[in-house]
Structures are given as structure tokens and as C-alpha cells.
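Structures follow.
Both of the next two complexes hold chain A, though its partner changes from chain B to chain C.
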Partner chain A sequence: MSRSNYGLVKYLFLAFMGLWLLITLFPFYWQIITALKSAAETNRTIPTFWPEVLHPENFVAVFAEASNFNALVDSFIIATGNTLASLFLGTLAGYAFARFPRQAGGENMAFWVLSNRMFPPVAVVLPMFFLFDATPWGTDSHITLIILYLVFNMPLATWLMMVFFRDAPRELEEAAYLDGYTPLRAFFKVTLPLVLPGMISVAMLCWIFAWNEYLFANLLVGTNVRTFTIVIPTFTHGSQTLWNLQMAFSLIAMLPPVILFILLRRYMVRGLSLGVVKG
Partner chain B sequence: MVDGSAADEPSGGNSALGRRLDRGDPATFPEWFNTRKPRANLIVARWVPLALVGLPVLVLFCIVVYPTVWMFYHALHDTNMMRLFQSNWSWVGFENFATVLSSPRFGDSVVHLGIYLTFGACLQVLLGAALALILYELVKNNFLRVVFLIAMVLPMMLPPSIVGVLWKFLLTPSNGAINQALLNLGLIDQHIEWFNAGMSLWTIIIADVWNWTALPLLIVYSGRVSLPPAVYEAARVDGAGTWTTLRRITLPMLKEVIAIAFIVRFMDAFKFVDLVFIMTSGGPAQSSELPAYIAFQRGLREFAIGEAAAYAIIIFLVSAVLITLFLKYLKKVLKAQGFA
Partner chain C sequence: MARLEIEGLCKGWDFPVIDRLDLTVEEGEFFVVVGPSGIGKTTLLRLVAGLERPDAGTIRVGERDITALPPYRRKVAMTFESYALYPHLSVFENIASPLRARGMAKAKIEETVIGVAKLLRIEQLLNRRPGEISGGQKQRTALGRTLVAEPDVFLLDEPISHLDAKIRHELRLQFHTLEELRSVATLYVTHDYAEALSLGDRIGVMGNGGLLQVGTAREIFQQPQHLFVAQHLGQPSINVVEASLSRADGSLQFTAEAGSLALPVAGPHSETLAAHKAGRITVGIRPQHVQVAKAGAETNGAAVVEAKVEIFEALGATGILMAESGGVKLMALTPPDAEFQHGEPVKLALRNEAFLYFDADSGRNVMIG
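This part shows the complex of A and B:
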């Protein structure tokens, strides 16, 4: 292919990417301007591509209904609780897989733990529904989701923590033993500080996945506990959907994962994102 | 990983140990330490590793293995809601599977799944791979590259329920933004009914392609980043052109990574159900139902537990095959990149 021809093809490819960027960003644009419109303007027969009067007060009006704020609180409790549990269990297993691979069951055990991340939820939800129904706190509680989200978050935490522990040299730990540290103290004083940055990013990832989860929440909770993910699709007043408030609320709710994602971007591009990131 | 500098400073603060290690003073260590077997284990009791792995594995047994066994058991029984609470179910062999496999509802959902796999999953991987390579090869400005990457991966970070309502809103037939934009551009001359029987599955696919093209994009992009630059240097010295390099070096070396992207999207396809719940509820007239959706519907809304379990087991078996395949390729790629 001749050089000038290649130049043309190159610009065609770039134009294609530009088009895709446009397609990607347009829904966000629409979400933002809708959040700033009045309810009347969102229901026009011919939609406006820029709000006539800006209504930033929509972002406050969303919280006029206490249940919306409570939904964010519920989501926060569940996401944080699950992150802590995933991180605790994942650190235990990850440490064992990295330091004592043979005694801990070997590579196959590690891959089996990881494979749970891809497990189809349909095979889990139904039995869990009846199991939690029999517990004193019932299905409709924070605990249900905190435990169930371990299905996809704990394998992720285990796997990533294993990689971080492998990178932390075991010689340092052994040296700490010589200084009279107990194994537990050596772990907390020497190894843990080394893997802390990695641990924080694992926590962020787990938190995003738990915050965003819809399916389990939709099927298992809904009266006492309502996560924002199941509140958003039901944003109606009578028969009318309050599009502007729905979009304002969804903008607020998606802010945490988007910010965390931007903080995590370097890490996402590393080889580890190989499908391990999404179950 | 995130912060490479942490690994460069193993001092772990101001401890005396840290300072001595920073000096790298070999006299710090007794002789047995310097001559020890390098891969010997840390000095802990035998039960410690078992206990460390045991607790998480126990949890997984409770929340994954137990439910799966439960599903297998009830897939072979005539369980429904009433019988479940009366503990009164009986063995029916493979009757539930026969019911499922012979029902037109299941047949239709498999056709839908086929359409979704072809125009959703496959399209996403091809699109994502193409975009990842365009981004890496053609955008040389570092800042722009990061900005574009974030912009293109952003949809993936959204909660599915937001993606669902956002696209439901964008595609509102009477006064939605997409219909209006297409009208303004002169591409259509009347509103498209996005949510009628012939269209609703495609509507879900459109939203899904927007949402998940980012994942194969990210996978292929990270695969391309980790290819050794030395190979490209050699190719350039040998006078290989851009196309030859792409065809003879980049694509063959990314073979496994692209395979992983396909498998990941296929695994998701068999579980895919979020957007069906939010955007169409399988309707109208079951025209956008996928197998996983029917399983939930039969089990938790219509309480035909045996049948739902049969659906779940079919999905589980397909997933198990895909997961095995995925792990095989993942091992290969991780080995090549020096992780496992």
C-alpha cells in the first residue's frame, strides 16, 4: 500500500474512532442536560437539545423524598460491608496462595477460586432466597447482599491479593523473623505495608462492583432495604416518569464509581484487567 | 501494581529492620539465612496455610457449591413453591429438562440468545479490538490517549440499572433523543418503535453494545500495551510496513487475548439479564426473553422451582465449559506476561 494511501486510511480509522467517541458520550450529554430541565420540558413532543431554563435545583429536589437518600445509604452500607469482607477473606487466601502455594492447594485451587467469579447468578439466587428466608433477619436485609456479593468480589480480591503478595519479597518477612517478630507481627509490620497500595485498589474495585450490582438486589431485597440500583428504574409519579429527577439521581449515584475508575485507570490497563476485572 | 514505587522502597517505614535492609548489609543476616534454600517456606505451623485458605473456601462452599447442588437436586424433582414449604417433593428424573427443552418459550429464547451472541457479543469484541488497536497505534499523544481511553471505557463503569433507564429514555419512541436526532439528520422519516415486538431485542442489544464494547476494548488494549517493544523495533529494522506488522506480529501475538475477550463476553451472554429486566421485562409477548431471564421468572415469580432449576443447570453447564476454556487461555496469557 502506498504511503499517501496509508495516510488516508489512517484518517478514516481515526474518524471511525471519533464517531464511536461521539456515540459513547452522547448519552452522558443527554443525561446531564435532562437532569437540568424542568419536568414540563422533558415531556415535550419535540425534545430540546439544550434546556431553555437551567434547573440545577433538581439535584436537591431528588432528596425531597427521603427514600432516595436512604437508597444511597443502603447501597453504601452494602458496598462497604461487602468490600471489607471480600478484602479480609481475599487477603487470607491470597497470602496463602502466594506464600504456601503447595500447602494451599496449588494452582488449581487458585483457579477454582477465581472461576467462582464467572459463576452464573441464576444458579445461586433461588436457593439463597430460601436459605436467607429461614434466617432470623430474613431475605430483605443488608446482610443478604453483603454475603451474596462475595460470590463475585471475593474471588477477585483473592486473585489480585495473591499477585500483590507474590510481588512483595518473602525475604523481608524472613528477616523480620530473625529480629524476633512473630509471624503475625511480621505480616502486619512488613508485608502489609508493601501490599497496601494494591489492597486499596482492590478495595476500590470491589466497592464499584458491589455498588453497581442490580440483579441480586432486584430479586432478593426491596422493602426494608432498597439499593439505589433498584430505586432508579422505579422513578415514577403516578403514570409519569420523572425523567429529570431520575437523570439527576442517576448522575449523583454514578459519580462514585466514575471517580474511582478514573483513579484506577493505570491499574485497569495493566495485564491484570484480562477479564479478571469483570465476572 | 498501582504504585510501582512502593515495591522499590522495601523499608516499610522507619523501622530499624527497614533501614538495615535498605543498606543491604549482608552482615545483617546469619550464615544459615544466606545459604538457605531460596524457595523454602516461611516458618509457620502446617495448619496455617490450610486455615488461611480454608475460611474463604468454606464461604465459597456455602454461597456457590451448596446452591449448585441444591439446584441439581431440585432440577430432578417436581418441586414448586407449595411442595417446597411442605417438604413434599418427589423424584421425576429428567422430566423438568424435557419440559424445558421441548417448550417453545425455551426455543425462542435460544434463538434470541443466538442473535444476541452474534450481534451483541461478537460485534462488541470486534469493535472493541479495532478501537483498542486504532487508539494504541494511531493516537501518539499520551494525554489524548488516556482521555480517549477513559471516555470509551466509561460506560462499563455505570451501574446496569442506570444504563437501562438511560437507554430506555434515549429510545423513547414518541419524543426520545435518538429518534429526534435521526429525524433531524434525515435518516428516518417517522419515529422508530424501539419497544415493539420486532424491535425490543435489538434495542437491548444496542444498549448492551454501548455498555460493554468497553470491556473487550480494555482487554485488547492492555494486551497490546504488554507486547514487547523489541519485537516491533526488529520489525521496523527489517523494513516491515504498518500493515505487515499488524497482520504478522500484533494480531498473532494478541490471539489469546482476543480469545479471552470472546470467551468473557460469551460467558456474560449466558448470564445476561440486567437490561432485559430493566428495559423490556422480556416483552412484549416474550419477544426479548433470554434463557437466564426465563429461569428467574419461572423460579422467583412463577415459583416453578424444578423447571427454573433445570434452566439454571443448563446455563451452569454451558458456563462451566466456557469457564474452563477461559481459564486455559488465561493461564497461557498470564504465563506469557509473567504473572502465574
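This part shows the complex of A and C:
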């Protein structure tokens, strides 16, 4: 390829990337400016690309209804509760599949766990409703969604943790046994620290999924417990949609996962460099 | 402190790896098991450590039968071939690990770890992680971890095989002088015969799932009971000639099956060999018992043959020469200043009184009962 052609390819590439960036960032831009507009301005036939007057008070107005803030708290409780449960179960199951595959049921069992995620979730909505309705706490509670989201998050946690445990050298555990540690103590002393960075990534994936889930939340909870995902549609009323408040609220709801990522990114990077140390 | 006794030990997966192995390592003895890769040396250590369960047999330390005990209750320490250092812990914490497992007081741990680190000359590395130190230092750390454990039995799995020659020698010397290692039963596994001969109070050569011969370095090198033992010890390895025995002019000689090389059997060997029923015999000739001389030079000795140089390697302190004589290739050691060319005709003077004779079928040394 000649030199000038190479330059051309480079510019085409840059142009493509620029276009791509435009397409992906535009919704965010639109979300932000809409959140800052007045209700009247959001409903114009010819949209404005920058608010005529900035309305930052929209971000306060969304909490005029106190339950909107509670929805964020409910989402937080459910996402965190589910993440802890997924990690606890997924770590134990992943360890069993990695270290004692035969006793744990082998590849078939591991595949069965994963296959639960291949199911179209909407198909089980009704049975799930009746199932949880029969429990003492009913459908409309935190625990319902915490348990229900395990259906999606536990297979993910199990499989990823299984891979991390397979990569953690077994010899290190054996060395710990010979140092005098029982299998359980060896697990906490040696194995868990090695897979911790992986565990943090799994936790983030689980948390974000549970935080953003809409379908089951919408159908199972709503009175005692409301997640933020089912609050967002409530800004649409019979005659009009309060686009500005809806966008302001969803921007606020985006903050926790972003903050979480920024906080935990450090551990993930540190974990990656730990992984390259040869046993 | 106690002796290690292994009796009738068996372990196999699809095929037997260890088959009815018996071994006793006395208290304070440094026992080296040597054998080629994949022969089951590591399996033997893992069985003693409790990381594998034997199919049959017993393992005793002193009066205690530890066969069914889990590894953490055996009072056995082991270094792994891969060192198995904990990558997320400092060198200090790695060495301290067995002490922490025991719940030793903090001050005592520090004292013990620093003591061992000084002994192994790694005290300046205590704050580093295993990823930040060299192979030799990793090995010292792994050794430190086993030393502080004060076990009844030390198991060392190829501890210095993966280090470069200089550090290997340095650590080998250290093994000679470490009191801690020399006061309990130590089982050391290696594929390197020089390491074995250098370190072992006694040496066991492993093959066919058991120990083919157990003895001091001198015994197993000079009087190998089995061809396998002779082949495994020595560098370059022993020349092996498949031959048939015959009588010529009233004295016994053997002729190589692969060619025309014929050599007389030394007097002291003749009687035993004459009684050996089968006419076929495997002859072992150590390279140091083959002297090389230039074609025209004077040579004396009973067994001198004409040969042609095929390969010559000058290695500084010595040279290794491979020559072909009567269809048989023979290795010889040459003095440091000797120089040979490819294809050069030479004379080989063989010290036939030092030859070893093995049964062609069983591989047993026919000179030893």
C-alpha cells in the first residue's frame, strides 16, 4: 500500500470513529439537555438543540414525590442484596465445579446451571408470580426480587467464578494444606485473595443487571416496594409525558453504577497485574 | 523427629505408577530419589505429603501411621517444583505461613522468619512479592517456608532443577550445610544424577514403579544392579553394547550384534560370564573407561580398537568424543587439551576390567549375584 493510501485509510478510519462517537454519544447529549429544559420546551414540534433557559431545578423536582427517592433506595437494597447472594452462591458453586467436577455433577451440571440463562425470562413470569404469592412475604417485597434475580445472576457468577478458580493454581492450596491449614482456612488464606479481582468484576456485572432490571420488577412489585425502573414510566401521564423530569430522574439513576465502577476499577486493574505472577 | 517408613505403597491411575514400593528414611538421613521424568517421583512425594491417597500400603512416621491423615495433620513439609509461593503475600508472609497456621505469637513469628531468612540470605527481600524476586530467591523463600515448619519429614521436589547452573551449585552446597535439613528425615527427588550423587546420604534409583537400587553414591555408580541404573547415572551416559559371547583362542570375548566390534572379556569377569547360560549379553562401558589416542600413537592394553571420529565436543575441562568402531558408536571422555577432527581415524583403548555386564533380557548385573 502506498503512503498516500495509508493516509487516506487513516482519515477514513478517523471519520468512521467520529461518526460512531456521534451516534453513541447523541442519546446522552439529548438526555442531558432534555433534563434541563422546561416541560413546554420538550414538547415543541421543532426540537431545540440547547435549552432556551436552563432548568437545573428539574433535578430537585423529581423528588417532589418522596417515593421517587425511596425507589432508588429500594433498587439499591435489591441490587446489593442480590449481588451478595449471587456472589456467595456462585463462588461456592464455581469452586465446586472447578475443584471437584465429578462430585459436583460434571460438565452437564455446570451446563444446566448456565442453561437457566438461555430461557426467555418472560415465559416464567406468571408461574413466578404465583410462586412468590404463596410465600409468607408475598410478591411485593425486596426479598422476592433478590431471590428472583438469582435466576439470571447466579449462573453468571457460577460460571465466571468457575473459570477464575480453574486459573488459580491448585498447588497453592496444596502448599497451604502442608503449611497446616485446613481446606476451609486454605480457601480463605490463598484461593479467595487470588480470585478477588475476578469476584469484584462479577459483583459489578450482577449489581448492574439487578439495578437496571425492569420486566419482573414491573410485574411483581409496585406498592410496598418500587424500584426506580418502574418509577421512570410514571412520568408519562394520560395526556402528556414530563420528558424533562423523566430524563433528570434517569440521569440520577445512572450515577450509582458509574460511581461504583470508578471506585472498583482500581481493584480490577490491580487484580489484572496480580494474575500475571507465575506461581 | 522420627524415621519415615513406607511399606508396599501402590498408586496408579490408568496404569500403575508406584508399585509395591518399600523405603525407610532414617531420622537425620538425606535420602535422594533419582529417576527420569514421569517415573513417579513426584507422585511418591505427594503420597507421603497426603496430597494423593495410596491404593495400598502404609506410610509411618515414627510410631504414627499417617496413611489416612489429611496433609495438614501429617507434620510433613514439602517444597514444590513450581515453588508454589503465594503471589499475593510478601516473602515474609510466605515464610510465616506455617507459623500463622499454628497460631504462633506475633513476636515469635517475626523472630523465627528473620532467623530463617538470614540463614538463607534473603532477609533484604522480606517485603517483596514473589513476582518481584528471581528464581533462586523464590526457591530460597520456598525452602524457608518449609524450614520454619519444623516438620518430622522434609519433602523436596526438584528444588533446584529449574535454576541456572551457578545458583544451582550454590544451593546444592547450602543443602549440605543446613543443619535443619540434616536433622530430620528428608526425601529429596530429582532427575539430575549429579545432584543425587552429591547430596544423598543414600540414593534410590526409581524405575518400574519401585526403587531398583538403594545405596550410597559410590555403590550405585560403581556397582549398578540394573542396566537402567547404570544408564541413568553418569554424563555422558554409559555406552551400551548388545553383544554375544564366544570363545576365541581359549579366552572369552564378546562381539557386538550391531557390527563387527569384538572385545576380550577381562580375566576376573571370564569365570562368571562363562557360567552365564545365555550367549547374549549387554555390555556397559563408561565413557571414562575409553581412552582415545591418535591413530599413530603407541597404545597398550588388552582391548584396543581402530575407530573413526564422528562428533567431538570440547567442553573446556573435558571433551566428549563419539567414535564409530566396527559399526558400534562409542562415547569417550578426552583430556582438556585434546583436539580431534570429524572423520579422523583414532585408536580407542578400553579398560575392559571396568566393563559392566547385564543380562540381555532382565537387565540385571550378572556380576552381582
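We adopt the following convention: the second predicted complex is superposed on the first by the 228 of 279 C-alpha atoms of A that agree within 3 Å, B and C clash if a C-alpha of one lies under 4 Å from a C-alpha of the other, contacts with A are read in each partner's own complex, and residues count from 1 in each chain.
Here, a contact is a pair of C-beta atoms (placed from the backbone, for glycine too) under 8 Å apart; a residue touches a chain by one contact, two chains touch by 3 or more.
Because the structure is a prediction, the values reported are computed rather than measured.
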First, second, both or neither for A:176, with chain B first and chain C second: both
Which superposed partner A:150 touches (first chain B, second chain C, both, neither): first
Between chain B and chain C, more extensive residue contact with chain A: B
First (chain B), second (chain C), both or neither touched by A:35: neither
Chain B versus chain C as contact partner of A:87, first or second or both or neither: neither
First, second, both or neither for A:190, with chain B first and chain C second: both
Doubly contacted chain A residues - partners chain C and chain B: 169, 172, 174-179, 189-190, 193-194, 274, 276-278
Footprint of chain C on chain A - complex, ascending: 169, 171-172, 174-182, 185, 189-190, 193-194, 274, 276-279
Sites on chain C touched by chain A in the complex: 49-51, 70-72, 76-78, 80, 82-88, 97-98, 101-102, 129-131, 145, 149
Footprint of chain A on chain B - complex, ascending: 1-3, 6-7, 10, 12-13, 15-17, 21, 28-30, 33, 41-44, 46, 48-50, 52-53, 55-57, 59-60, 63-64, 66-68, 70-71, 84, 127, 130-131, 134-135, 138-139, 146, 148-162, 164-167, 169-170, 174-177, 180, 210, 213, 215, 218-219, 221-223, 225-226, 241-243, 257, 260-261, 263-264, 267-268, 270-271, 273-274, 277-278, 292, 295-296, 299-300, 305, 308-309, 311-313, 315-316, 319, 322-323, 326-327, 330-331, 333-334, 337, 339-340
Chain B partner contacts - residues on chain A that touch it in the complex: 1, 6, 10, 13-14, 16-17, 20-21, 23-28, 30-31, 34, 43-47, 49, 89-90, 92-93, 95-97, 99-100, 103-105, 107, 109, 111, 113-116, 118-131, 147-148, 150-151, 154-155, 158, 160, 163-164, 167-170, 172-179, 183, 189-190, 193-194, 196-198, 200-201, 208, 211-215, 218-219, 228-230, 232-233, 235, 241, 243, 246-247, 250, 253-254, 257-258, 261-262, 264-278
